[in-house]
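Both of the next two complexes hold chain A, though its partner changes from chain B to chain C.
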Partner chain A sequence: MKEGYVIKATEGASKAVAELLKSLLEKNIFEAVLVPVRTNEGYNYVLTENTDLLNKAEIMPPVMSVQGGKVLQALTRHGKSGKIAAVMRMCEIRAAVELSKLEQTDLENVFFISVDCNGVIPLSDYLEDPSNAGKKFRPLCKICTSFSVVGDEEVEAVDIHAATMGVDKGQVLLIPMSPDGEETLEKLGIDEKQDTGNWVKEIEKLRKQRIAAREKALAEIKETVKTLNGLLEVFSRCIECHNCRSVCPICYCRLCFSDKETFRETGGEYLDRAQAQGVMKCTDELLQFHLGRMSHMSLSCVSCGMCEDACPVDIPVGQIFSVVAEQSQAIFDYVPGKSSDEAQPLRTFELDELTEVEDK
Partner chain B sequence: MTKMLKIDKTVSDGTRDFLRFLLESKKVRGVAVLTKEGKSGCVSYSLITDPEKMAEAVPFYPVMPQNAGKCLSLLTSKAPFDEPVAVVLRPCEQRAFVELVKRQQGSLDNVITISSVCAGVYPLKTIVRENEDKLLKDYWSVVADGKLPEGIRDACSCCEHFVPIGADIVIPIAGEQHTGKECKLFANTEKGAELLKEMDGKTKESELETKGTETIRQLRQKNEEKMLPDLEKRLSGLDGLVEMFSTCIGCHGCRSVCPICYCRLCEFDSPRSEYGAEKYETELRKRGGVRIPPGSIAFQIGRMIHIGLSCVACGMCSDVCPVDIPVANIFRKTGKAVQDAFEYIPGKDIEDKIPVTTFEEDELASVED
Partner chain C sequence: MEKRHIMDRKIGVYVCECGPNIADALDIDRVIEAVSGMENVAVVERYKLMCSPDGKKYLAEQIKEHGLTHLVVGACSPKQHEATFMAVCEEGGMNPFLMQMANLREQIAWITPDKEKATERAIRHMKAAIRRVRYHAPLEKKEIECNPDVLVIGGGIAGMSAALLLSSPDRKVFLVEKNEELGGMVSRCEKLFPDMVKFFGNFVVTVREKESEPREFKVGAVVVATGADLFDPGALAEYGYGKIKNVVTASELEEMNLKGKIALEDGKEPKSVGIIHCVGRKEKGYCSEVCCRVGIKISRYLKEKIPGASVTQFYQDLCIPGSVAQAFYEETRNAGVEFVCTEAVKLSESDKKIQIDHDGKLATVDMVVLLPAIEAAESTSEISEMLGVKKGKGEFLTEEHEKIGPVTTTVEGVFLAGTVSGPKTVRDTVSQSEAAAGKILSSLVPGRKLETEARTSKISESLCTGCRTCLTVCCYSAIEYDESRGICTVNEVLCKGCGNCAAACPSGAATHQQFTQIQIHREMMEVLR
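Now for the complex of A and B:
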């Protein structure tokens, strides 16, 4: 059984981890830390070396304003960062790893500290009343099974996991997840150690509940989109703002395939198309956009729910994408973000793949 | 006095009849108009060629799913319509389209515009989240009272250009008390008068703007006077800006739906706007902390500079903001200031050049003074 290092969290887990970050900076183990910080009304990722600023750090902000994967993309797209520690939720770390496979992040100098994630509140609910935080959750957070790093859900990129579930209140258990993590924790000289048994038990218990809830919720969503008419109905109110794509950590293309000029037709051609059925929606191929995006990113979809949060007309786009992602990822036995070395299924080839298809 | 045709039906039914007539009489090949989509309370712009399908049209449904200027740009940017098409759109949408045409993003060829003295639209979130039937009932009963509906977009409740400029046919709605039983079609141009010929109804000469229109104009002015001081207070100084946009999630939805922002690749999505490792290092040393992704205020100000002169204050940007930043109010205020400086009303006249694309010799002197 693994052991973790105990730190005091009498003022809450967030403060405790912030203190940890301060000592990491003070001991010059890292040049800077990347952490969500309360800024006026919002929460934003801030890269900082300023220990005072860390007093405003919020390790588990109630909302996800920008997906952490996207933050690391902005930070490292043009080359690796200095040595930094980043505190993130699991879906954010997994997105960052997927982006590294797409050459959009360089994680060489990024040391990941993950947290047990309770989930976040939808942006609209938070804006309506910030005290909703902790009461309402993104639909995908409520059925998330990858909220920690126990067993199958382990993610290679994580160096230290800050465990809070099943851990005594007033404590955070820092669990080394990599040799680098182990070494770093040793440098901090924390005396008290504890075994991780209770934490593992708690995570497994919660995961069991989540798996059941997930099956049920996704089955319901599947029912609504299983026919073409169902799909059309669900997406009928889409206004094509493409916010879902903009906030998606995996959709990294600077110029999206669906925005190609080639798809445009002449005024006369549009009229001919309208003539075919008597009426034509003036659109850039609405359903095709969503299906296309799905086929482009679904193998890497981490089900974070950003897309659903940013949709101005409340389409359950995250849940629909999650249903599809779960199935496409299962075919390839691929868990996005789990391992940095594992190639994305469409970028690799296995000799026996062809026979497998032939057999059917 | 303008030539007017009166149909004794509700404004929506009368307009549908007229559009059907245009298709049946082959005066136009198609009609672009709002249609109901699915069961979920939303609408979209559709191109209709079959008169039978006109039953699906909801010409004045008080929601703007996209700015119609953008839809028309999609339909005509590659090549113009080769046959006449009638388009039902709101004044701000028509102005947006004219601005897009000035930027070579569409063509007015064969486009016939049918617009309305606009009573405004509800925010998308309202129609999606609240009781649609009740909203529609409230809307039309308040309009028939000669007032402005409650809960419409801020941009609509303060709108100063709610009477269309340059449309071929204009249908009065705001300030018009008989929308429940009368549909009036004003022929604003010769093209418009041509369309009205042979259509059933009573023709007479009449004034488009009435006392009711003036009442609505004053109401809207008052609304603006109420809104501005609070906005100015919140926006004062860099601190105000930073606070206002502190919740911005960088989705850039405001830009995606803006009818004026037409660039396929935005300056702010280009590598030029991105920080490299060195830049982060410098910023970090200078400020101790860098918000990532960086440049959220620079994006807003930059976009403002790029589109301010042509902003038609339609309000789409506020509507799609997932964190309810009053983007449209901010852009409207700034837009108006720069437009006033150049005495430019975006979309008013296709012949008016966009001020920054032209030059007047005495301009320099006026800055020097």
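Now for the complex of A and C:
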């Protein structure tokens, strides 16, 4: 059984991890740390070497206003950073890894510290009353099965995992997840070590519950998205603001295909079509946008729920995409963000894939 | 700007009757009526046989007469006459890429027995072509200077056959061979090339320079003739090769024969010999095509050199097609060589002799000759990586198409000859080599320029995010990542316009110039109506 290093967390896990980050900076192990901090407006990621600022660090902010993957994209898209440590939730780290496969992040100098995630609350609920934090959760968070790093949920990019679930209150268990993580923890000279058994048990228990909850919660959506009519109905109130796309960490195109002229026909063409069909809905690109986005990003979708949070008309877009992603990822036996070395399925050609469809 | 151009188009639409082929299968007049009112359509006509000299003249005149900007021809498959009608466009002063064909014959007339259905389908396909062609932009044909010189890799029979045909006063041929001698696998066989040495003298050109500095030379084409290897029978315990005395391979027997004496290890002549076929066939998963004939040839050596010896062949399947080989087999059988059909064979040593257990029955012989399978040479992987030619079944290099492109590869200018692409007889090897040489002779003519594919892909600099997805799916190594600009670029000479990159690019930064998103979208909107 793996062992973890115990640090005191009498003032909460955030304070404890903040102290850890401070000593990592003081020992010059990293040039800066990337961590969410509390600001007047809410919570924001900051990249800092200022140890005072770390007093405001919040390793598990109750809301996710910007996805961490997107933050790393902004920081490293044009070349790698200096050596930094980033504290993030699992879905953020996995998004960052997917983006690195698409050459949109450079993670070579990024050291990941992951946390056991309880989930975040929808932004609208938080804005209405910040005390909703910890009571309401994003629908996808409630059924998230990848909230930690045990077993199937292991993510290669993680260097240290800061375990809090199943760990004594007043403690955080720092578990080395990579050789680099092990080496870093050794440098810190933490004396107390502890078995990770309780943590593993707790995560596995919670995961089992989540799997069952997910199945139940998504059963209806699963039925709906099976048919074209079902999709049309569920997306019928879409106002085409494309917020879902803007906040998606995986959508990385400079210009989305849906914003191109491809789907804008000439007046004469529309009229031809209307005459031939008897009637034409104006305009009918709506479903094409969602289906197109689905086909482009669902293999990399990490089910973070950003899209659903951003939808102004409450379409369960995150849950719909998560259902589709689960199925498309299963076809290729692909888990987004799990391994940096595993090529994205659409970027490889396998000889047997060429006949797979034909053989059916 | 672009929009105004689209509104200004004058599209000419022509339906070819193709004799009775199209005219009888669908109602052409109804098709004409259905497409006549479409936006930008200037003229719609039918014609008896558009590909005839009169038809071509008529079409060229129509382009000029109506001042057509775009053309749609509803006729046969573009595979048959696209080039014909593109030439007509040029004749009429129109860029040939502004023409689109609708395949009314193969895709509709010939396969739709119901005239009503065929007509409806034809209307959809014609509308699709008309909608699509509006978005065609003129493309430019490009020509590049070419180097007529050729590199031939491998100095076996395949490489030499090709090199001999190719060499001429105005074309250099560089023949590269890794061994000291030319001749390859067949040079070890007495009967095929007894005068191989004379061949060497005539042929050894300037290239066999292993010790000296690496030399760079430019060529216009490459013939890969690196051959194959033989399966090592030592890998299979049941044959006892390397363990049981007097178990030899066919090539070892060839060597003995060349030296003049076929003998056992103790120097005595064998009185009985067993020849075992298909050694390694099951492991390799294919028939090596030549071994049966080799077996027959070897038994004839034996009968010739040691007339009293008994020779028995143990085979699973005999594969000896062709008029010559069949006669060769019958003659051999009449000369007293026995043929025994068996599923499995196991050899063991018994009292200085070899016992052959074939399907439970036993035979005892002095000597056993194994006929090992032909397998891909070790060097094939390196060659594959170096030239970008893919490997296929059995790790051999793959041709562009097994049946209709047996000497070309997906890399233009790289040709295959001989066993590098799989087991072959000498006759097939020479045929393939000469075919490769012929392809090169007809396309790489000294002093003549080479036309490159105009319908290539391109990548928009402003849209590309440098994700390099296109790079991973390009089969022609035509895409490069430009580090300084952070984008991918297409080499238009290498690009063959397969469209993989365009399909893979999520934002549409990569587009195929004759299959743009907008062209495909408009075409589909009509076809799938």
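Worth a mention:
Just so it is clear, the second predicted complex is superposed on the first by the 337 of 360 C-alpha atoms of A that agree within 3 Å, B and C clash if a C-alpha of one lies under 4 Å from a C-alpha of the other, contacts with A are read in each partner's own complex, and residues count from 1 in each chain.
Please note the rule applied: a residue touches a chain if its C-beta (ideal position, glycine included) is under 8 Å from a C-beta of that chain, and two chains touch if they have at least 3 such contacts.
Predicted model only: the values in this text are computed from it and were never measured.
Superposition of the two structures on chain A shows chain C fitting alongside chain B with no clash. More residues of chain A lie in contact with B than with the other chain of the pair chain B and chain C.
Looking at the shared chain after the overlay, A:L346 reaches chain C, while chain B stays out of its contact range.
Once chain A of one complex is fitted onto chain A of the other, the partner contacts of A:R237 are limited to chain B, with no touch recorded for chain C. Look at A:F147: by the touch rule set out above, it reaches neither chain B nor chain C.
Of the two partner chains placed by superposition, chain B and chain C are both touched by A:T266. In the superposed model, A:F111 lies in contact with neither chain B nor chain C. Once the two complexes are laid over each other on the shared chain, residue contacts for A:F137 go to neither chain B nor chain C.
In the superposed three-chain arrangement, the CA centre of chain A forms the vertex of an angle with the CA centres of chain B and chain C, and that angle is 100 degrees when rounded to a multiple of 10. When the shared chain is aligned, chain C comes close enough to touch A:L102, but chain B does not.
Of the two partner chains placed by the overlay, only chain B lies in contact with A:V46; chain C stays clear of it. In the superposition on chain A, contact is made by A:H78 with both chain B and chain C.
With chain A used as the common frame, chain B approaches chain C to a shortest CA-CA distance of 6 Å. Residues 78, 254-255, 261, 265-266, 268, 277 of chain A are contacted both by chain B in one complex and by chain C in the other. Residues of chain C that touch chain A in their complex: 3, 6-7, 38-40, 131, 462-469, 472-473, 486, 504, 506-509, 517-518, 521-522, 525, 529. Those residues of chain A lying in contact with chain C across their complex are 78, 102-104, 252-257, 260-263, 265-266, 268-269, 272-273, 276-277, 296-297, 343-344, 346-349. Considering their complex, residues 32, 34, 37, 39-42, 44-50, 53, 65-66, 70-71, 74-82, 123-124, 127, 232-233, 236-237, 239-243, 246-247, 254-255, 259, 261, 264-268, 270-271, 274-275, 277-284, 309-314 of chain A touch chain B.
Here chain B touches chain A in the complex through residues 29-30, 32, 35, 37-42, 44-50, 52-53, 56, 65-66, 71, 74-83, 85, 107, 110, 124-125, 128-129, 242-243, 246-253, 256-257, 264-265, 269-271, 274-277, 280-281, 284, 288-294, 319-324, going by the rule given at the top.
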